[in-house]
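Two complexes are shown next, each including chain A; its partner changes from chain B in the first to chain C in the second.
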Partner chain A sequence: MEKPAGKSAKFRLMGKKQSKDLFFAVILLLPTFYILFKTFLFPIYQSLVWSMYKYHMLDGSDVVFVGFSNFTALFKNHDFWTATYFTGYFTVLSTAAELVLGLFSALLLNQMFRGRVFFRMIIIIPWAMLTLVNGLLWKWIFQPGNGSFTIILKKIHVLSASENPLWLADAHHIINSVVVADVWKMTPFMTLLLLAGLQAIPSTLYEAAMMDGAGFWKKLRYVTIPQLFPILMIAVVLRTIAAFRVYDILTVFTGDPTTSISYLTFNKAFRYFYLGEASAMAWVSTAIILVFIVLYIRMLKKNSHEV
Partner chain B sequence: MFEPTIEQRTVKNEVATVKGKSRLFKVKSTDLIPPFYLWCGLILLALFTLAPFVYLFTSSISKTEELLSGHLVPHSPTLENYYRLFTGNGAAEFIAAMKNSIIVSLGTTVFTLALAIFASYAFSKVVFPFRNSALFTVLAMQLLPSISIIAPLYVMMRNGITVAIPFTNVILLHTPPLLDTVWSLIISYTTFSLPFAIWIMTGYFQTIPKALEEAAIIDGCSRMGSLFRIIIPLAMPGIAATAIFTLLLAWDEFMFASAFTQSFASKTLPIAIREFIGKHNIDWGLMTAGGFIASLPPVLVSVFLYKYIVGGLAGGGVKE
Partner chain C sequence: MKKGKVLFLLILIFSLLAGCNAAPTTSGKKNEAKSEKLSWNNKKDLKGEEITLLWVNTDGANGPRGKILKEFTKDTGIKVKEIAVDYNSLYNKITTAVLSNSADIDLAEMDTIWAGQFMEGGIAYDLADAVPKDVQKKYTQSSLSSVMYKDHLVAVPFFSSTKHFYWNKELLAKAGYNAPPKTWEEFREMSKKLTKNGVYGSAWSWKQAEGLNCDFVSLVYGFGGKFFDENGAPVFNKGGGLKALQFMVDLTQKDNTVDPASLQWSEDDVKNAFSTGKIAMMTNWEGMYPDLNDPSKSKVVDKTDVGLMPGNGDVKSAAVTGSEGISLMKDSKHKQAALEFLKWMSTKKFQLPLFKNDGMYPTTEGLYDDPDLKAADKTKTVDKVMKQFEYGQNRPNAPGYVEWADILSAEIHEALLGKKSPKEALDTAAKKIEKAIEESK
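Now for the complex of A and B:
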């Protein structure tokens, strides 16, 4: 990317060409900026304002400024902490599993073998499936009795014929199943990102490692992972941000909104219409994710400087 | 920041192996995994990837009794579930949902591309102050959770959108309330797709050498002319990748759709499928048939246009 104009240049009197360029850029960007401002930046600001008001959309009560009491009420709320715990649990577990599986799949698909394109193509299938259908499919697989997971375990004699475990018995079981569903759908994304990174590792490094007699684990430990590290970190941050807002897949599995912060926020807003409290909750997620976004942008900038 | 796309690198790798004919005899240094383990891993990978998808299909062509008695493979395959899906009780709503999904995803894609092409051109080819800061702001917007703007957007859709010239009282357009219309979804999805569309396409546009455009301008092309004659044709793979990501995102989105839609005037497929659940007995046959139909378009698009998706991902595009 070209270097941005230096600070001094920005405020210097612009030449004819620059002012023409500026005018052209404004014309090109105006519609996009107008839309993003109106439907993105302003709403974010608006929800920050609402988070400090008591605002119920339907009961006709007055909108009252309440300062930070929506936030203090939130932090005393047991449901909120349950939801935070489950969101964290889901995010850490699914991102970790996707990272490990994605790395090994990428290593497999980076080698030369017959039919490589076929394998690279089929891994896209789970990623392309509707999230809702993915949830439903795994719920079907984890049904007690006639779900395929139970049946297969019985066929390979892990479960005896009389056993019938309830895989979706409580919130913990459900989150674990949702992790499996999410891993199935999103590991390909990780794989493709890491594959791009693997292809950029110069083969001379591996040749040198081979000279030193390094086997699979040593090559992985001393060449692949250090070389891939920037992309690994980017992939992890991206998946963390995405996993943190888990919502739609959960609605298939459970009606219990305390299984994720997004679920709880959505219900607060669109089931009970407490827009003030919902905005406060939304801003807690926004703030947490903003931290990751800053981290991500710093990594991107660092990487682009190194290249 | 924007390195060669995956395809370019793959081609390089392939050329390299053709040159070194010895790959049958000598293990390539970049091949970490010995062949036996490689194929074990590949078989596991294929099994883990395909089995659930195949199971979705086999369930959808099974009779209800077979599903209840736990047959993984149908003994007497039937299209009964599909027949019920398109002619049974909920058929009208499911077909309406398909129609809405198609309108919403195509509408979103057209609007997003139309806006993002110009914005990306400005970001990649025109020099102006605060360009990089603006670009990173756009990137940050791409990653913010949709939950943070959903409530204000809901109120906006309920009241109707007013398009006015800022700082004046001139109102250009005031729409009627948009809740429960496909427009509410098209507008909100466009908002969400724009940032990543701009991000991916800016990356692609930057890979096009400046000299090409300069030559066109010397030949008497205007800047707009060079955008349409030089940049857009050359950046077609990037534009295709963006279009695919936008389509898939709009097809898949659930949260906004469940907040903004109430009737089958605007319900999309994810909502229609969600509504199969929630009754006491889940009809798995019907549900897997509906799920399979709904997943088929994005799966086919992704498999056939796989190389554009890979290129887009490598170019920094992020679709969730």
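Now for the complex of A and C:
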């Protein structure tokens, strides 16, 4: 807290030249502020205003102020809750799987072995791929009958020969399939973050632990994970927020908008142009995700104080 | 001091926000652009003008559609900037351009079901006066009706289209049939015999999307039912409509003659499956040829044929229409040059090459008797395809249709998965659509 105080003291002692400089700085900042305001702040405010109107943009009907009835209608809307459920399910499952697999591969890539650089490089490939391309790829893998997913599951006897599930027909199946596709694509992101975290842990800690007779599991439990915790939290927060917005891959897999809130909101806004209802929905989903973010940040803060 | 700064910023932001009016203006009624008089038989020199065209083109600048634009420029001197997208991105591209009040796009491809939104939402320019009545009469009835909304001409017909019935002659012959089914009952019986050794009787585009509704509409009319009545109310849950969905459910769940993957396939997936020779019958749009007879893309070269969709009882045949048009954007700044393109599009110079290379069907009546078109028809399918156009059935094109269609496809899909009975699914869909109609009044 030392710095700002010093700054403000300086501020008070400012002479003519400095205040001119400040004026110049403000002038330079204004265009940026204007653009940010127009493209970022104003639309947020506008969507809040719109959420209280019945605003059907493309059907020629009148615009009516309706207060909070868009929100109350939303809470009674079955589709909205289905979408929320699936989004939550997807977020929890995919983030958890990515975390476990990411930690595993980060630990692996942190070991010394031949070809480590090579493996560190190729692991980025799925992550670098466009989500839509990833979606198309997995759509092929998930073809029933001759799709490779079905064939591999049959080879390892998870599926019996007579079974032929439709991976992308029923909403529950779709979500599970999307989890698989997403884990494949995003685990590298987790791995990279955690790998960076692992390399920052001083080796002296491990040496000390070994002196105390700690084995692999004990080292993991008492050194790696506590040291890695802040980065772990950041990775989880980032993935949770991104996963909650899942949308693009679903448009490849299905036309069923109840599979995610973003999909449903998008359809309301940009297919039917019910902009009032869509704005309300966007605000509700933002509120939901804000709760998570606040929770995470608190955990993060608490943890960093302890360290 | 720090607090003061934050407060100042907040006040600045709020005063700015309060200054901007964020409340929505009345829908669709944007400031009218100055209405210039457009003339179909323009005499003004338009050389050097540039128009922007947004349409579906996945073959690039050297594909059939890309090439035709160069021909247009050669012919008229008007340059065309092409924005090429795939069908599924088309609608979003248009609507985002409109939402941002952009005048960048002059012409955009329009699917028949969007006509209501394009007109009521003030996206498209009403061409009813710009295209003379005697010119309008030259288009085929089906292609013209698909670009009309109420009395407005929302677009100029781009191509004619319905669904058609395709079958694999070799597979049918092996099962002892030398002709395709005439009724859906026959279709069902034949499917049972055809389904064996990894071959399925039929495959469909029954992914939860508009393709599912298209097949449903064909079947509703095929079974003597109706989709929506004259007053625009849904009636697909009665009579023929109910029979149609029961039929679809019987095929998938009782007979198991439909490739199960159908429930996650769109039209292109069905075409691909059909071209591997594992599917005996399918319904699909035009444009299957020349691909189905191209050895690099197909294993069923010269083994397939196309004909009328089956009917039932009194109905000889029925097929959903999927014709499209090209709309002139209301905000366009090059309306006259754009209209010139629409005019050129309705001539043989445009329609014939696209028929030849892209499998697209002409919109003007006269062209179907043209000897050049007959000569270009290598697969001898024009007459068969043409015949189906007489049995075309339109989907409604009211502004709300996009939402109704999503409701309907969701319910039908539930029934196909066996989660709801056909009656339950259709009744729910009808009720929800009625509610949506009520709310948009």
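Observations
Here is the rule we use: the second predicted complex is superposed on the first by the 250 of 307 C-alpha atoms of A that agree within 3 Å, B and C clash if a C-alpha of one lies under 4 Å from a C-alpha of the other, contacts with A are read in each partner's own complex, and residues count from 1 in each chain.
One rule holds in what follows: a residue touches a chain if its C-beta (ideal position, glycine included) is under 8 Å from a C-beta of that chain, and two chains touch if they have at least 3 such contacts.
Please read all numbers here as calculations on a predicted model, not as lab measurements.
After superposition on the shared chain, chain A has more residues touched by B, the comparison being chain B against chain C.
By the touch criterion defined above, A:50 reaches both chain B and chain C. Look at A:158: by the touch rule set out above, it reaches neither chain B nor chain C. Of the two partner chains placed by the overlay, only chain C lies in contact with A:58; chain B stays clear of it. When the two complexes are overlaid on their common chain A, residue A:265 makes contact with chain B while staying clear of chain C. By the document's definition of touching, neither partner reaches A:291: not chain B, not chain C. Contact with chain C, but none with chain B, is seen for A:169 once the two complexes are overlaid on the shared chain.
Shared-chain residue A:136: touches chain B; no touch with chain C. Once the two complexes are laid over each other on the shared chain, residue contacts for A:275 go to chain B and to chain C alike. Judged by the touch definition given at the top, the superposed model places A:145 against both chain B and chain C.
Shared contact residues of chain A, touching chain B in one structure and chain C in the other: 4, 41-42, 46, 50, 57, 143, 145, 251, 270, 275. Interface of chain A with chain C (complex): residues 4, 8, 11, 37, 41-42, 45-46, 49-50, 53, 55-63, 142-145, 164, 166-170, 251, 254-258, 267, 270-276. Taken together, the chain A residues at the contact with chain B in this complex read 1-2, 4-5, 10, 18, 21-22, 24-26, 28-29, 31-32, 35-36, 38-44, 46-47, 50, 57, 104-105, 107-108, 110-113, 119-133, 136-138, 140-141, 143, 145-146, 148, 150-152, 184, 188-189, 192-193, 195-196, 199-201, 203, 206-207, 209-210, 216, 219-220, 224, 238, 241-242, 244-245, 247-248, 251-252, 262, 265-266, 269-270, 275, 278-279, 282-283, 285-286, 289-290, 292-293, 296-297, 300, 303-304, 307. Against chain A, the residues of chain B that register as touching in their complex are 1-3, 6, 9-10, 13, 16-17, 23, 28-35, 38-39, 41-42, 45-46, 48-50, 52-53, 55-56, 59, 67-70, 72, 115-116, 118-119, 121-122, 126-134, 136, 138-141, 143-156, 161, 187-188, 190-191, 194-195, 198, 206, 223, 248, 251-252, 254-255, 258-259, 269-270, 273-274, 276-277, 284, 287-288, 291-292, 294-295, 298-299, 301-303, 306, 309-310, 313-314, 318, 320.
Listed in rising order, the residues of chain C touching chain A in the complex are 1-2, 13, 16-17, 20, 22-28, 88, 91-92, 95-96, 99, 116-117, 120-121, 123, 207-210, 259-261, 263-264, 399-400, 402-403, 406, 409-410, 413, 417, 440-441.
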